[in-house]
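Consider the two complexes below, in which subunit A is the common component and subunit B and subunit C are the respective partners.
So, the complex of A and B:
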């Protein structure tokens, strides 16, 4: 490999990401140890107040809710996505099935949330039907609770889990399943002891793409959640824009960043360095022209 | 004996898959249905295209937001594509200091939740005294687009042998000629899909934009957001249908375009 002009070509992206990605993260770290300014911003007096505030019961409750929602929604998503990926991989019409999964995925993130509001809202589709059929006398409140948040999160991130699972299972040699069956394994046994260990990488990638964005969710709980389904993302935004306690917002952001980073590192360790490449591939695969909910 | 067993095995996964497709498409079908509903909200009162007429003739704010989105998407995708492509070429074919650093730096924005990027950029912009505007939105979009372009171009470059660069050098090409006449042409499919990905991600983004936008710099997702806060609006139904059709059409033509390029 040659040296020149590599440094020259690398300079713009290195500088851009250092200034507009890494430096802002560093500022968050610094701010989390400072005193809040009167109208936002900070005063340069070091303190651990922000971290003490995180430990108080109100915040602990939101943190707990965030963890519960993230684990619950991720588990449901993976349980649905696994059989879907399996079915797609075994199908002979893969392109068609892939399109069916991708079209909702290409639809704008906010439009998809909005669609659920149009269905579940007090004047929504579902209530219209229930009222017309005479099953209820007045509108049922389906929105603004933890169930609605989980539903919309699962809806949003399902394609993110299906795609890596599909592409891993697609590479799996299905004759191994038949071999296991011939050797006397039960249907379930063959799947849990032969298929699943072989597609571990895909499962971990799917987990990563679902859990991390859900853990940092902001828009979904904001639009379809209620007070009890408040998540850490909402807390950050409120501290930043309403309470104007920037050190606290920074400290919570840092906690999410640490959880994410540690999660990724653990996954890389469990799965070998290939996950990193695999994760990048899987995330890039749905592109060329799709957006998807990021 | 193995046949019925195989059929039985796939029947569970098939029902889950069919159920999932219904689950994924149902909300979009409801939007399509409602976009043709005559009444403003609630029950079906009759077929009408008046919301589409209103969308195209009487929604100036919406179209201004669309204009902002288009400007930011094209500008940020262009910048991200230029510097991301150069970065990918450097990482793939050259040795330089901070090579590992750049690889890590392009990975991190893709794994962090969006809100972290939005919040840290907001704090950063206010720290350096940059007023929030369409420009700060543009800067933020380049930051999250760049890693995707980098990755897509890198994936394309990794398919090629380093010897073609050496061949170009041996035949007397300068660094500039090697880049323009050898490296860029072979990475064209990666560059094009990187650019289109960047455009789409930018048009799509809500969370990061929400934090770094300023007065007058409303993008289309932000407009939809404020419309949602005022309740369900039939114009937004019509807009959703137009956007869904637009995305499908764009994706379909991109696919074919990329296939055409790859075949060439």
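So, the complex of A and C:
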């Protein structure tokens, strides 16, 4: 009998994940229980101080803000992405439309954020137009608030939602919609009761691909946010580089990781048996370009 | 110095290129702020002395410190700001410097040297440049203000003002506005300062140390706290008169970057030669011209060809940022966290 070489094939990814995911995670776990060094780093004295600090209402406020922004931005993203994905799947010019969705990835993420600043700024294009048209008397402050953060986040993560939705809807058998109509369903009913349940896996994937990175957003709130747009990502970065409380930064990261993991597991479970089905449905999902600056 | 930017990678590249060319055996390893000493100044030093300088750059004291502590040895000279000079002395990371061996040491402004608290008597550090963050106001948009931190109390400028995303600079400004030291360890005073910043905060559009200068130049922001060199590098040369850069009358936090020799440096003699070269009036003038900053080197001032962004005397109101120590640092961090997060 020949030996199954699967384990061997999986070795590179196993080693990769062990070295670059599990090991850092273990360091984060360990650091979160240690005493902060005066100027960064840790002292090897175990303590629960970092977790006590998280219980502080200040952090609750940032967490709440982060959750609100993440849920809001994800919901808007999905609402825009669904019709887009649907249209793309039904269109004759799928390749062109796919290209159009991908084109923003050709430009650096930070440059695209600065482009938004140039558009929305007090002296930006949009205000110039509004002023020239006489619609407003003085510049409208579009930037540096939660709305601007959400807008740019939606813009940034829209492709991540469109692509899995498109690939799932593309595999949907549209004759089912016709059958539903034949059997007396309204147009809306056919979509909500036949199409949506069948593309549930794609919606779930799109949700995870947008919610998780938005939950850890750093650059967007930093650049287009105002004094009140602080998110958990900024908090972690500041604790690490400015306050230099590494254990606290580790503890916050760990809590986020745990919350995200539990959330994902619950979602997958709620999605029940169709989890794997969903994954199968969406198997042609393009790999998102993770790993870049968020 | 400019705490900023993601150009460190770029700097590292320059360092690599610099180390790749030239093959002379006389080497000196300099770990310096990015964009701090013009390349031709270093090239001229190499031409004069035959010593090849290998430069590596950093963008913040923390970055430099972490690299040195993390085992990044091999450097001979580092250029920390004052608070980090005292930290590095305390940690035994620096080699004592005999300033009597530096022929040009006497060029340094005695008044400036006398104010140094981070290394009294300069036993470990040789002053290089000093500067401070101030306030820049767009004169075409704002009038009727005093040269005071109170400009940040102007609610009519709400949405048009920024302060640095920097704990020491912002709390330092608040402490100074109350008449306290920028290094005040008193919890009551720190709390008072926090309240002042909380009072300013509704008028600020954001705390920004990254792109405020760009937005100030584009007319987006009208009043910004920040370093003159950052502001003026972005502002159109022809319209510089529009900018009123000032240090508030109450005083402000200030820094001094100094040359230090790392403990265990292999090229101490060459390090002395380099530091002495940098203290030469003509060289110091070239550096000050490049940075458009006033020079702490007295004879260099007469040799400068560029009008600095402010006069050396303007720095008289400044107070050097010192290391706060563990207890006070924690109070400052807590206050800053509350300000940033908002209660």
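The rule we apply is simple: the second predicted complex is superposed on the first by the 241 of 294 C-alpha atoms of A that agree within 3 Å, B and C clash if a C-alpha of one lies under 4 Å from a C-alpha of the other, contacts with A are read in each partner's own complex, and residues count from 1 in each chain.
Basically, a residue touches a chain if its C-beta (ideal position, glycine included) is under 8 Å from a C-beta of that chain, and two chains touch if they have at least 3 such contacts.
These figures come from a predicted structure and were not determined experimentally.
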item	value
Partner chain in contact with A:160 - subunit B first, subunit C second, else both or neither	neither
Contacts of A:207 with subunit B and subunit C, given as first, second, both or neither	neither
Subunit C versus subunit B, contacts on subunit A by residue	B
Which of subunit B and subunit C A:33 touches, first, second, both or neither	neither
Which of subunit B and subunit C A:253 touches, first, second, both or neither	first
Partner chain in contact with A:243 - subunit B first, subunit C second, else both or neither	second
Partner chain in contact with A:142 - subunit B first, subunit C second, else both or neither	neither
Which of subunit B and subunit C A:58 touches, first, second, both or neither	second
Touched partner set for A:123, first subunit B, second subunit C, both or neither	both
First (subunit B), second (subunit C), both or neither touched by A:230	second
Set intersection of subunit A contacts, subunit C complex versus subunit B complex	40-41, 114, 117, 121, 123-124, 223
Subunit A contact footprint on subunit C (complex, rising order)	62, 65-66, 69, 87, 159-160, 166-167, 201-202, 204-207, 210-211, 215, 218-220, 326, 329, 333, 336-338, 340-343
Subunit B partner contacts - residues on subunit A that touch it in the complex	1-10, 12-14, 16-18, 20-25, 27-28, 31, 40-41, 80, 83-84, 86-88, 90, 97, 100-119, 121, 123-125, 128, 132, 155, 158-159, 162, 178, 181, 187, 208, 212-213, 215-219, 223, 233, 236-237, 240, 246, 249-250, 253, 256-257, 260-261, 264, 276, 279-281, 283-284, 287-294
In the complex, subunit A residues that touch subunit C	38-41, 57-59, 61-62, 114, 117, 121-124, 141, 143-144, 222-223, 225-228, 230, 235, 238, 241-245
Subunit A-touching residues of subunit B, taken from the complex the two chains share	2, 5, 8-10, 12-14, 16-17, 20-21, 23-28, 30-31, 34, 41-44, 82-84, 86-87, 89-91, 93-99, 101-102, 105-117, 119-124, 126-127, 139-140, 142-144, 146-148, 150-152, 155, 162, 175, 179, 192-193, 196-197, 200-201, 203-207, 210-211, 221, 224-225, 228, 231-232, 236-237, 239-240, 243-244, 247-248, 250-251, 254-255, 258
